[in-house]
Amino acid sequence: MDDTGTVIAFWLLAVITVGSALMIVAVRNLIHAVVFMMVSFVGIAGLYLTLSADFVAVTQVLLYVGAISVLMLFAIVLTPGGSRDNAETFLRLPALALTVLLGATLAYVAIDTDWSLADRGGFTDTASAIGDALLGKYVLPFEIASVLLLAAMIGAIVLVRPEASIEEAEE
Amino acid sequence: MSVDLEHYLVVGAILFATGLYLALAKRNFVGVLMGIELMFNAANLTFVAFSRFVQSDDPLSGHVFVIFAITVAAAEAATALALAVLLYRVRDTIDVDRIDLLRW
Amino acid sequence: MPDIREGFVWAIMLLPLGSFAVISLLALLGLTRPPRGGGAPVWNARFSGHLTIMAVFAAFLLALWSLETVIANDNARVGFGAHEWVTVGLLHVDIGITLDGLSAIMLVVVTGVSLLVQFYSQEYMRGDEGYNRYYAFMSLFTASMLGLVLASSVLQLFVFWELVGLCSYLLIGFWFHRDAARRAATKAFLVTRFGDLGFLIAILLIWSQTGTLSIAGIQEVALTGAVSSGVITWFALGVFAGAAGKSAQFPLHVWLPDAMEGPTPVSALIHAATMVAAGVYLVARFFPVFASSEEAITTVAAIGSITAIIAALLGIVATDMKRVMAYSTISQLGYMMMGLGVGGLVSAIFHLFTHAFFKSLLFLGAGSVNHATGTFDMRRMGGLRKYMPVTFATVLVASLALVGVFPFAGFWSKDEIMADAWDDRKWVFFVALAGVFLTGLYVGRMLILTFGGEYRGGEATEHGERHGEPHESPPVMLLPLLLLAVMAALAGFANINDDFSHLLEGSVPERAHALLTEGHFRLWIAFASVAAGLSGLAVAWAVYGLKVVQPESVRNFAQPLPEILENKYYLDALYEDVIVKRGLLGGAAILLSLWDRYVIDGTVNGVARVAGWTSAQLRLAQAGQAQLYATVVFLGVVGAIAGILVVNPP
Amino acid sequence: MLTFVIFLPLAGAAAVVLLPKEREPWSKWIAALVAAIALALVVFLFIDYDRDAGGFQFIERATWLRSDNSDFKLHYAVGLDGLSLPLLLLTSFLGLVAILISWRIDLRPREYYAWLLVLETSLLGVFSSLDFILFFLFWEIELVPMYFLISVWGSGNRIYSAWKYVLYTFFGSAFMLVGILTLGFTAGTFDIRELGQIGAIHDAIIPAWAIFSLIIIAFLIKLPIVPFHTWLPDAHTDAPTAVSVILAGVLLKMGGYGILRMSFSIMPDVAKDASVYLASIAALSILYGAMMTIIQKDLKRLIAYSSVSHMGYVLLGASAIGTVGLTGASMQMLTHGLITGMLFVLVGMVYDRAHTRNIDELSGLAHRMPFITTMMVVAGLASLGLPALAGFVSEVTVFLGTFERHEFLTTMGVVGIAFAAGYILWTIQRVFWGEADPKWAELTDATAWWERGPLLAMTAAILAIGIYPAWMMDLFEKGVGPIAERLG
Amino acid sequence: MTDVIRLGPELALLIAAGLIVLMDIALPVSREAARTKRALGFALALAGVAGSIGWSAVLIAADEQGEAFSGTLVVDDFSLFFNFLLAGITGMIVLASADLLARTRFHAEYLALVLASATGMMLMAGAVDLIAIFVALELQSICLYVLVGFLKDSRSAEASLKYLLLGAVSTALTLYGMAYLFGLSGATGLRDIAEFVSASGGDSGTRAALVLATVFLAAGLGFKMAVVPFQMWVPDVYQGAPTPVTAYLSVASKAAGFAVVMRIFLVALGEGLISSDWATMFAVIAAVSMTAGNLMALVQTDIKRMLGYSSIAQAGTFLIGLAAVAAQDPQLLLGASSVVFFLGAYAFTNLGAFIAVIAISQKIASDEIADYAGVAKRSPWLAAGLAACLISLTGIPPTAGFIAKVYVFNAAVQADLVWLALIGVLNGVVSAYYYLRVVLNMYAQEPASEETFQPSLSLGVAMAIAVAGMFLIGIYPNPLIQASESAAAVFG
């Protein structure tokens, strides 16, 4: 992809994404961290666009930015006694070492590998193609995913609703 | 100057590593969850990048995968946050490092 | 008379065995004890005695028949076939009968002495609660001894060899409630078994080298030189170890004096006349083998000599009448070994023959004395000549025979040994002569202390009755004494015209005759030995009878010899205290048990403990922190990638 | 028929367990009846065995497990030959004895008898198996009843001892399993008769000696051979009497049987090379065991250590690599089973009455219990190898067979019997003889039929073998003959 | 239509789950209705299981095998085996949960979640496309997260947290690994990936990436299999979760994990250089898992925690079979079938053990091993059943555990892994200690109270089925052997 616009967009988005991801680590306030996370997710959505994955980008924004982040905020609000300082545990140094090691490994592997690249342009109209796939080839995962969402919903309810006393339950 | 597959992969790698750090080192359960979501996103980015660049009979299956991954992540987040609420109720904390009643 | 049939020869052994079987079966069925409701037991104990005596008597008659058969066959071996007992691969163990001069003489001696002793025991053991047991064991012993004599295969011989040891053990420990008796029994068995190890190894050696276990076959092999002389020597030494154990030869003689804890008739039969002579018989049986090896035969002579002297010396200091006789027995067995050691098969067996009579007579006499006084301690006897004249007379005859005074039996046989020694190895002759002197000394001392002087007391008998004045024993006991006295006086004439010699020579393979020493009667030797014996008696008379010098001053003069003798050369102390108690029980076994407990078991338990410890440490890794777990997961991931890429780089 | 015999005790066990609680007293009768029938059937097999034909007879075979993907096949295959038949007889005999002498057990009797019967099935199975895996199966099953019997009905430090027993055995069988699998993979079969035909193993995935070692470790532990012996004294000491009887009488023989049947007949080449090492540890075991025996204070422990010593003769005989030695070794298993079984029965009776097994506390028991003493003397003498009793026959056969190959080591073994005389006689001297101790004035002799019967039967067997061993020896020779032939 | 027919077993469970939820909503809330609802839900769940099993049988009878849903799902002997196994386990778990259900108001939700996760597991065994595998994996995971925390007390919630956290991390790992696999091969179908792997997999250009993907997948799925070092959650979660759920985790979830690992590794990564890499990796993991699991179990005092550690060790033992796969064809199948067989045998044994633990612990109100003292006197049949299961776990005949041990070590030996087999059998010795210690406690110790007790009917039935099955496999293993071999033949 030599298109200058894309190149600039990539670098910009990459910096935003990675930068805000790092900010999640750095900030001392949990709410701020969530905000940075949202920024990072948006950046990723942007990167998807540079990869001509428009449908995925939309989904990303809807679900991550729209749903998950909000859920997290809710969770933070609902647990007022939890630590708000976004602090690290005693595992900070080992985690750091491990992270650096693993990140380096991943990056090395990514760069070192001879990927069998296809000389192919960007996709056009991914939405309908994906829609076809979801209801065609991947209808089974699609159905499973719907069961999964249902199950998660039931599960969340079960977890959050308090267990009534026996008498109450048998009313 | 061009942007290649490797660029995206490296961004993904960095995101994955950052997420991992969050997951391993953050005290608050929500912080940990953020790390995990970041790791998912790193994987998703990698998928989409591969879809775009590598030889494939069905390059869009990468996108499909990501759709499912995002769905799954949402479901998982919902469950996890419900659990956070539950935990807060029974333990008065959601600091992961303090939840160590079961051990040894 | 017709030749004896094989079945009858077997019967010699099986009759007493049957007696044993009947008595023990009755005992196991509980018929020998009073029934539960009370009253007399079904089987009166006296019947056991009668049964045994009848069996042994029948065996005695058959033994005489066997002897007659051998003589009628020109003293040659009577051939009977062998019977298969066990066959495994190349191992053929046959059982059969050896009937020749040697075994026939032994048969007669064993059954004869046994008969008299059983007869005597009826009175001696009267009222003992182990009466049935006594006769059962005596029957078993007689049977085993006869089986030993008759065996045609060395393994068969070994079987009976061990069985007589067993009977000896059981009878020494007959009064098992006595501490001394139970100790003595165990000691006797263990010491003889120690010798038997050599015997067993010899058997293993000879079988592995020749593949035969038959006695005749082994003799044959030795004479033809089919195996190396080393094997022959080792075999002979192994056999001699067994013989030395049973025949109480130095250094394995320590058990016999203690064995006197058994009832006196037992001592008379087993520890004087028969079992202890089995060693001599064994060496005689393998005489061609011994004679083929200079080393072996020299060992026999040397051990015999040492034994004869040291035991005689011990006899001088012993205060227990039976012990004196026990030492005397050891000493005389030493003589027999000496005889064999100088090639005098005939003289040795002849001495065995005469010794059987006079020594069992001496023991039975001692039993009679004990019956009267309740003690064997000579310091508490004295003057018994007056109270028990018959006993005194018979014991006197036996003593003279023992010392070798002409014309009693011992004179003839001992003289032959000395003659053989003079012809073969002169140093043995001088040892023997010294021995005769010592024999005279202790015999004289014993006679004087027991029968001379005044009565000094006495105490309860072996089995508890208490006597007042000493009195002569009843006829049932005296009859055997008298019969034995006749034999002790006259048995020496059996070989006056070499009948005995021819009988025995017939039992040695033709080819081995050259190995026999034919000692000729020499008048000066006869005089010398009689003189030595008489001078021994005289010295004893002088010291203990006339008290020319006080025994105490002799004792003080000879120090430290008496002390050494009283402590039996410290051999018992060496064996029991040093080797067994300190070395084995206190040392090696303790060390081993410490090793067992702390090193071996410690390792086992240690492994368990280490596992437990590791477990306790490892579980600490499971610290409960979820993020720690995740960290470990990623460590694993990185480790796995690194591992694969290091082991198998792209 | 054979299958029926093997599983009959198991069925009996089921019957006993399913008895209702109020019928508990029946359990011992059922158990005894079942054991007696099993014994009768084995006697029938013993008589029915065609000695002239030799080889394996009464074979029953069925495919048990079949893998289509590989040549992994397991068979249920049982059969008897001259080696296993006498051991089967011993097992069923001691099985009955064990039940009779536990006539007075009152702690959970149903379970107790059931476990005894299960144990019997597993032992019968071990000796009859013609498939190596089946053999291993029965070998392992035996652990369970033993574990329960020792830990529940034992005395003293029973739990520790049960552990030790189980873990030791399990440790050994762990190695054996790998050995068996490797062997089976190499040979392509687990059938013992077919394994007996394979030649030298050359190109296995691990060297032949390694396979041999893996397999024989289990047997050496079971035998047991120094230094793998420490489970034995503990297990013996703390097990109930009947279990000690079975343990000493039969269980140890599994080791010896395994050595002969598996290690030697399947890998003769390795066995030949290893014979000198085996003989060395055998001699070591004999002397070590004997030395340890002498200083024991506990009667059961004493006999246990004497077993260590006596089982050394089995290995010694086996290492002779010849018909005579192997026959002697197998004979020794049988005679040791009878003799030591009897010794344990007697010690159990003494313990039941005196409530102590400490030699220092006991003395003069002969006054109170003449019958037990007599039997003790008989058994003791048999144990120390007195001729005309069973022990002598086997030991002397072992010696005769081994001497040629291992002169020095056999001599060491012979020295062991002198030790045996020492510890046996010394024990009898201390425990049974001596002054009547007023402390023991109330003891009673063995009078009940279930006490006297087994003892007399064992005595009769010991005498019968001792006086005319050929009736057993010929059979054993038939059994080990082919093995010796393979050993060349 | 074929697609739906082939999905029948899973659908049966899903329909049952749906009906249960609907029924719960539809029926009124009242005391009587609660009891009815509980009974009805119980019956529906069992009916669903029965339907699933029946449908699987029909599929076999009708020879209705092959791919479905455009090659994302396959019905073959392997997936059918797991259908039976997982449905059977689910049924047993439902039976075993009866007592738990009586104590909660969320019984319908509980059953629905169990059935949904069972569906996920079945799909894991049948899915042949990474996308389907991923979604199925997540379906069962999310259901299990909730089930683990179902008691909603402090311990249960903590267990759920740990399970979720580690599970989510593992999912991320899996996803990343799948992404790389996709990047390398350009496909998500296992067969297509296999084509790439056998054609060019492992050449120096792509090897690092392939190794990375393999390790990530192994790690992500290792979480499900519970092998070292991905096992850390196991003891905590086993201890904290409701016991029926623990049983479910230890049997079904593990079986599904192994099923999916076998699918991916044997089909997609089964050829080329990489297969020897992961075989070695699994061999090492197996050795470490067995050793660590057994060693740590030694000093445990809580029986559920002890069983947790023991299940780590067991998982290590299964892995031996996978490690043995690397060799040539026939051995490959033996290794695979040994895993399958072991899973089947282990299911009965472990279920039996857990059901007994449920029944006993509930009555004595403790999970402490020390409190099991004398249980044999108080409840002879339960004690006998538990003892039998523990003996089977130890690997002593005539139980399933013995045959499994022989079978799996045989596979190891045939694959030249004698060292691994040795480690395995020696670990068996270690495991004997902690398994039999429980038996010892029950039989050789005196009980604290003489009061006797009986299991409830459903527990008793479940227990009887498990123990009977365990002995049946131990005595006549052939049917299960045949089944697991034909299942493994799928990979031939």
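Going by the order they are written in, the chains are A, B, C, D and E; count residues from 1 in each one.
Rule of thumb we're sticking to: contacts are C-beta pairs under 8 Å (C-beta built on N, C-alpha and C of every residue); 3 or more make two chains touch, one makes a residue touch a chain.
Only a predicted model underlies this, so the values are computations on that prediction, with no experimental measurement involved.
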Labels of chains that are neighbours to subunit A and to subunit B: C, E
From subunit E, the most remote chain by mean C-alpha position: C
Middle chain, criterion being Cα centroid separation: D
Reference subunit B; chain at largest CA-centroid distance: C
Length of the line joining the C-alpha centres of subunit B and subunit C, rounded to whole Å: 96
Intercentroid distance (Cα basis), subunit D paired with subunit C, Å: 36
Length of the line joining the C-alpha centres of subunit D and subunit E, rounded to whole Å: 42
Rounded Å distance between subunit C and subunit E, as computed from the means of their C-alpha atoms: 77
Contacts with 2+ other chains: residues of subunit D: 167
Sequence positions of subunit C contacting 2 or more other chains: 608, 619, 622, 624-628, 630-631, 634-635, 637, 641
Junction residues of subunit B - those touching two or more other chains: 16, 19-20, 23-25, 29, 32-33, 44, 49, 54-56, 59, 61, 64, 68, 72, 75-76, 79, 83, 86, 96-97, 99-103
Chain-chain contacts as defined at top: A-B, A-C, A-E, B-C, B-E, C-D, C-E, D-E
Complex contact set, residues of subunit A against subunit C: 89, 91, 94-95, 98, 101-102, 105
Of subunit E, residues touching subunit A in the complex: 3, 7, 14, 21, 29-31, 34-35, 68-73, 103-106, 109-110, 112-113, 116-117, 119-120, 123, 127, 129, 131-132, 134-136, 138-139, 142-143, 145-146, 149-150, 152, 160, 183-184, 186, 205-206, 208-209, 212
Residue ranges of subunit B touching subunit A (in the complex, touch as defined): 1-22, 24-31, 33-34, 37-38, 41, 44-45, 48-49, 51-56, 59-61, 63-64, 66-68, 70-79, 81-86, 88-89, 92-97
List of subunit B residues in touch with subunit E within their complex: 16, 19, 23, 29, 32-33, 36, 39-40, 42-44, 46-47, 49-50, 54-59, 61-62, 64-65, 68-69, 72, 75-76, 79-80, 83, 86-87, 90-91, 96, 99-103
Subunit C-touching residues of subunit B, taken from the complex the two chains share: 20, 23-25, 32, 96-97, 99-104
